[in-house]
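The two complexes that follow have chain A in common; it is paired with chain B in the first and with chain C in the second.
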Partner chain A sequence: MKNMAMKELDNEIIKERSKSIRTKGRQSQPIQCEADSVAGCVSQRACVYCGARVVLNPITDAVHLVHGPIGCASYTWDIRGSLSSGSDLYRYSFSTDLREEDIIFGGEKKLARCIDELVERYHPGLLLVYATCIVGVIGDDLGAVCKAASLRHKIDIIPVESAGFSGNKSDGYRAACDVLLRMIASEEAVPKKDNCLNYLGDFNLAGEAWIIKSYLNEIGIHVNVAITGDSTYDTLLEAPSASLNIVQCAGSMGYMGKRMEQIYGMPCMNISFLGLEDTMDSLRRISSFFDNYFISSRAEALIKREYELYAPVVESCRARLQDKKAAIFVGGGFKAISLIKQFRELGMEVVMVGTQTGREEEYDTIHQMVTDGTVVLDDANPSELETFMLEQGADLLVGGVKERPLAFKLGIAFIDHNHERKHPLSGFIGAANFAQEVYATVCSPVWRYLNLDGI
Partner chain B sequence: MLDCTPKEITKRSGGLINPAKTCQPLGAMYASLGIHGCLPHSHGSQGCSAYHRAHLTRHFREPVMASTSSFTEGASVFGGASNLKTAINNVFTIYNPDVMAVHTTCLSETIGDDVATIVKTAEVPEGKVIIHANTPSYQGSHVSGFSNMTRAMVHYLAEADEENKKSQINIIPGFVNPGDMREIKRLADLMGLSSIMFPDTSGVMDAPLTGHFDMYPRGGTTVKQLRDTGNSSLTLALGSYASADAAHLLEKKCRVPALVLRTPIGVKATDEFIMAMRQHSIKEVPYELELERGQLVDIMTDVHYHFHGKKVAIFGDPDIVIALTEFMLSLGMKPIHALTGTPDSTIGGPQGSFEREVKGMLEQADLQGQVKAGADLFTLHQWIKNEPVDLLIGTTYGKYIARAEDVPLVRVGFPILDRAVHSYLPIAGYKGAMRLLEMIDNALLERIERDCTDEDLELVM
Partner chain C sequence: MTKQNRVRNVTENPCNMCMPMGAIVPFKGIENAMIIIHGSQGCATYMRRHMAEHFNEPIDVASSSITEQGTIYGGENNLKKGLENVMQLYKPELVGILSTCLAETIGEDLGRTASSFTREQGEGFTARLVPVSTPGYGGGHYEGYIQALYSIVVQLSQKTEKHDRINVFVPHISPADIREIKRILELMEIKYTLLPDISETLDSPYIQPYRRIPAGGTPLQEIEAMPGARATIEFMTMLEDELSPGKYLESEFGVPLYRLPLPMGIEACDELLRVLKKLSSKAVPEVIKKERGRLLDAMVDSHKYNGAGRAAVFAEPEVLYGVTRIMAENGILPAVLATGSKSPALKKLLQSLTADCDEKAIILLDSDFVSIQDHCANRKINLAVGNSDGRFISEQVGIPLVRIGFPIHDRIGGQRILSVGYNGTMMLMDRITNTLLAEKLSSYRQDMYQSLYKYPSAAANDH
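Now for the complex of A and B:
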């Protein structure tokens, strides 16, 4: 049964949107992406602040102070699911709670007072001040307030240029990377450590960075710092001392890797620890970079052991998931690419791929990977997701918080590959968890009770 | 673990730590969803709409549809009028709602967009309606946002177009779950009254699984009903913060008498709601309701010794905390800390005096307690460190305090992000009070059994 909104969509996909939707094998021109959303659309996208906040939030011992009215702090209070092995300060929500009088007279004094109080109470090494939409509009000079406070307290107090309207989530990632680059910049040359790398773009959701650290540690590679999962101010300052950057989430941290290559001459390698195949491949590529017999032999031993442990789990799920159809709607293009491969490992066909902020080269890769008839779409709205999931007969959607109830309403299984994942999905154990989660949702008995006549 | 709150209370001069409120637009969006066939529209950056939708979705576990003006640099410099005009056109072309309910954000308010004029001059397809509410995030809280959007429904739609008032009544339920709205409607039905509830998110935010996605589920107050609220003979506004403003406007605009009551949580507030309806209709209270009330009081007496003298801290939205405080007092408990993030009323803002009402109740019960409006959970945590409690009642955000202080938490209010079913079942009315009793009793008893020694474990409690 189709409702009104869908019929309208079929006949009249809003003209500007049609360029952002492609079916492989039918249209030849490239997809339109990295464009602003259309006013009046039900966009699934977030803002610059959101992008900056999710990247920086896992710095566990920093004070994250949001300068604006209360909402932006409320909605980002401890939602990321990043785990900490030490400080819990990042799980507190700090806001200047701008009120009407601050909008009229400016919020600089209130901000300075808040900073003073927080520094006095918590003595952090780092205090980040996030700009929200109205900060610039009411004329607050965030840079000046932070600079003065920094001199006063002799700690790093850094403004994050994250006014919500000034772009989309990707611009927020970039703003966050600029903050990190500024923070780690030092006039003195940092001595290099042996067999040491930085792990970029893992936010330690459900403890994922810990898994990867333990792998690398076992094969003789030291993880200098994960950026930013379970990181601290002091460990981040060590970043320039590594000899390699590996990047998991290229959407948020690709820029940081490139900039560090330019500034520090540190090579940068895109890797992926999602799925058995990518995990093995990544471990081999990392160990060959270090060109050390002990590292590569230990890597092979680890791969053999872990593969033998977890491949059977994936295989047993594969037997039940064979030929089921998956739809993907995630934040960035790089994750979508990894997921396509992971669904292949499970014998599933990917029938729809969408992202909020994928880039052109990522869409090219996706286009090459998928089979004819697969729908690829950028910045999709719920009606489009519904239309294509039903049209393509998807059995499963992988997405984030806003997509979950939509899938369920359609009677389609769902897996969270975003902040609300409950099990680690990285590495060998993560691939097994992923397979089991996919199996648990696709093959759950609850779907049998959808209709009265199904009993 | 999870404890960065010092016991010692020092003076603070602005800013919040661990807020007990969020911003107005979220409340406006929730109220809009209580209109049938309505698409809420956020006039601001697209992040606002994404956050509100995600937050509401986490609480209700339902899809939340809303469009956005998608502000960019240009809009913030030159104003958002053209974005809104484009949005209005696109919304009716693509999503085809009966009503588009526009609310503003901090950004569009600060740059001074005249949304009222844009809405007035917009080309709207025949039979379609746009309403709007000003909801700057730097005033009030999500509760005032709810109130302002409810008021906008009256402002734009209510009409007194019949000579005589109908016997029907209006009920404004306040910022409560769809399960509570259903229960409140059921009570009005049992009293034999015809009623219009607005906004009414039952059937929208607790819609059944059907195998297809309805952008506009079956529930919600229709535009026809909203127009007809002007012909009703009484408005019952439940909760002064969330509901009084709209009721007073309706009185002024359409001469429908307004009666502001507490949110009907607990025996006393439910009694008052029932008596107000009885007075209006001059009808006897049906046996079914007498039965429910009698059962509730029976349970209260059966286990009152589980509750008596227990110290409790309550936080959340003002209307809910006021009603809960009254209920806890009626059980013999000691609500020694009561806190809301929503500020007390200001001139021109929503009505309500949280601190005066709660302090008044405590004084009557001869109790000393800490009571504060416009406060945060950092403050509540400090209060609890200095004067410990046996029980914490509030939203999911209380779980950090509950863990740090090892106090049981009963989840009530908005938002609840870590449990399910709460939005379907009521805490309002006599049945709702029974459910609350069970939740609180279980929490207290499970704690006793967890902590007691083997020899103290009793079969019968």
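Now for the complex of A and C:
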């Protein structure tokens, strides 16, 4: 260990946590992951409810009602960068705002009244009711209230089983996918549309889904619906009519793709539009699926044009980022993997990779991708991030809002790769944005002045 | 919308965050303190995220990470293990233990767990544990802040020999505000214990090496010694006696209490200086007199622009009252006044404060932003003052927002906004006046043209 006596490091790491920290080339046992967080360790993880909202919140014309005390709703109010081409109802925060008396007497009646008020004021086609931790404990029957309200108002009112403590964020993704599956299920067989696919796992952050839709549209493929970025209740119902599902964020929507394959026999393809290489590769794989000369040739023309436009931007950043060291701490394994690739495109070395809720297979892939000496962490806390970023000499951290101030206090550059971002990172233009953002932070002049002996 | 007078069940775009979130802040203002939240992991993470965005500081708060199992068999072991790990990683002198909706509902007893933990740790264990009951459903973040502040004082203060410091209690104001209050006290040569002091801990300078618990905060020994102080100043005029730390120190230990509004506006600042003059043998120094004079000058300079302001204000009770006071003094109409808190005292205070205004103010307690927005439309509001959550109103109905309070997450530097004292009052006023000016100047050519320029079309019609 560089610059740090073993004894000192021992003090920094909680014993129970050591199984979830691996240095490639040093330990042989695989990393421990998909386990509960250790109490008191200051985990960076959120909850099931958080995961469910990530997936469902981008449905723009739905009423998203949080059944629980106010905090859970308040902290998730309009915090994500999903864009809409129509309604902005999804940006409202609706809560049953349970109080002491509701906790004692139960919240079902209040929930029913809240639903009535919302339907009356906003006339939605879809109303989603999110369960928070407390709901199960006080014994509210969400399903029954929703069902009765649904009959009363003749609209879809669906409970989301997202009690925070019943797992972690990935369980929330799954709960959300189950809601979507239930919603699109229909008695009648749906006629298939030609050259048409669903685009799963893009939440239209900063308009990312729009970029990909425009690419596919240009090459002659119709995007039936993006799930769930900029989607509406009606467009989601059309989902079964596509002939292919492509999945961007496999972490959140891989499950939905698999289920639709089983239910509708719809093939499912994992793709990635993060980085130049992945974008080109994905466009080619999608067009070869449709096996149509016009589609393939238009895809090549688009790739050529966009590559020529944006590759020079990436190249010029690469020249200045060569051999800088990156640390990664993100939500899921899928994102970590694509970031490792993107840093490679930029000529950077990845020295630390962590995720909040990565799965075993994903850690296997990460392990294979990184070089000896890279530290891999699951469910890391601020102390571990601090320790390993310093020890590994990271120049840059990619992470979320909570990690940003830590990086800055340590004098380390930072880029946001979370759902709050306000600029697109997908497609060719996204790869250029990413490169420029990395360049802007890593090569900013401010780092030169961070010394304490100026006066 | 016509529903504003009806009692609604649903909360739309909340003004409130929850109790434990508010309770984190006072603990962050104690030297070498850490916090653990007893509940599921998500609550703590959300609160940390929310605070990190506002303060641009790492916000380390532990969670006992109760799982579904814990809700059935009790979470005591989780909490104890959590405390142990917090001690190892952070080595704090004090740990605030806060409950959540979940912990309260499954009947966790924080006090019992804290004392049995201390016992089990044995002799060498010197850290102080301060459990506070903060069920999220029991109130908003304002109530959580007050509950924590009160509990800290009650649990830590001990009968002490008299000393020459005074106690100062502040509501949730910015680190910059606290620095300004401290500066005024120091200029008046008054020794003090200010609680909670987040001026360094939540706005810390760049240092090396990094400290997990940032330097600063009120020293534990000084909190313990609060009963020996010469007097207490409590910048919270709407606290009920049962939750007032100043009242507690007065009735238990005979420390004289001065309850003052936040020094926002000329009169409230004067009131503070008069009390400080009494507590110090010193006359008000020239620097402060000049600051006062400059504020008066500024008030006159901008009064005509301010006359055009029709404002909606939303903030925590003490700050709401302070901003309203500044408006009332400067001829801005405080037309819609809202808070997420239920504070009954606030309503009365606001009513008497705005009694002389040209139009009666609408006062909304326990409110949400959709109601505020409805009222803004009715009252022709052209200026909003409050936290970033009001941006929605700005976006949707085009009312410009002057940011103050918590949270400010769509702008940088929420922790550095100064709004108290003569200087802070002047700075807040300038922000307000300039916003009104910017609004007017950005559109007045267009507006005048559209409303007044009629001749050519009339002439054209003649032909």
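The criterion applied here is as follows: the second predicted complex is superposed on the first by the 439 of 455 C-alpha atoms of A that agree within 3 Å, B and C clash if a C-alpha of one lies under 4 Å from a C-alpha of the other, contacts with A are read in each partner's own complex, and residues count from 1 in each chain.
Here is the rule we go by: a residue touches a chain if its C-beta (ideal position, glycine included) is under 8 Å from a C-beta of that chain, and two chains touch if they have at least 3 such contacts.
It should be emphasised that the depicted structure is a prediction, and the values quoted were computed from it without experimental measurement.
Visitor: With everything superposed onto chain A, say whether chain B and chain C fit together or clash.
Guide: Once both complexes are aligned on chain A, chain B and chain C clash.
Visitor: Scan A:323 for contacts with chain B and chain C and give back first, second, both or neither.
Guide: After superposition on chain A, A:323 lies in contact with neither partner.
Visitor: Figure out whether A:452 sits in contact with chain B (first) or chain C (second), or with both, or with neither.
Guide: In the superposed model, A:452 contacts chain C only, not chain B.
Visitor: Quick check on the superposed pair: does A:69 touch chain B, chain C, both, or neither? Answer first, second, both or neither.
Guide: The answer is both, since A:69 touches chain B and chain C.
Visitor: Tell me which partner A:291 touches in the superposition: chain B (first), chain C (second), both or neither.
Guide: neither
Visitor: After lining up the shared chain so the two structures overlap, which partner does A:102 touch, if you call chain B first and chain C second: first, second, both or neither?
Guide: Both partners.
Visitor: Does the superposition put A:89 against chain B (first), chain C (second), both, or neither?
Guide: So A:89 only meets chain B here.
Visitor: Common interface residues of chain A with chain B and chain C?
Guide: 12, 14, 36-50, 65, 68-75, 77, 91-100, 102-103, 110, 113-114, 117, 121, 133-134, 137-138, 163-166, 168, 382-383, 386, 401-402, 404-406, 408-411, 450
Visitor: Give the list of chain A residues in touch with chain B in this complex.
Guide: Residues in contact with chain B: 1-5, 8-9, 12, 14, 36-50, 65, 68-75, 77, 88-89, 91-100, 102-103, 110, 113-114, 117, 121-122, 132-134, 137-138, 163-168, 382-383, 386, 401-402, 404-406, 408-411, 450-451.
Visitor: Considering only the defined contacts, which chain B positions touch chain A in the complex?
Guide: Residues 1-4, 6, 10, 12-19, 21-23, 25-26, 39, 41, 44-55, 57-58, 61-73, 75-76, 83-84, 86-91, 93-96, 105-107, 110-111, 136-139, 141, 207, 209-216, 341, 378, 397, 400 of chain B touch chain A in their complex.
Visitor: Note which residues of chain A are touching chain C in the complex, please.
Guide: Residue positions touching the partner: 11-12, 14, 36-50, 65, 68-78, 91-100, 102-103, 110, 113-114, 117-118, 121, 133-134, 137-138, 163-166, 168, 381-383, 386, 400-402, 404-406, 408-411, 450, 452.
Visitor: Which part of chain C faces chain A closely enough to touch in the complex?
Guide: Against chain A, chain C makes touches at 1, 3, 8-14, 16-21, 36, 39-43, 45-50, 52-53, 55-68, 70-71, 78-79, 81-86, 88-89, 101-102, 105-106, 135-138, 140, 204, 206-208, 210, 212, 370, 389, 392.
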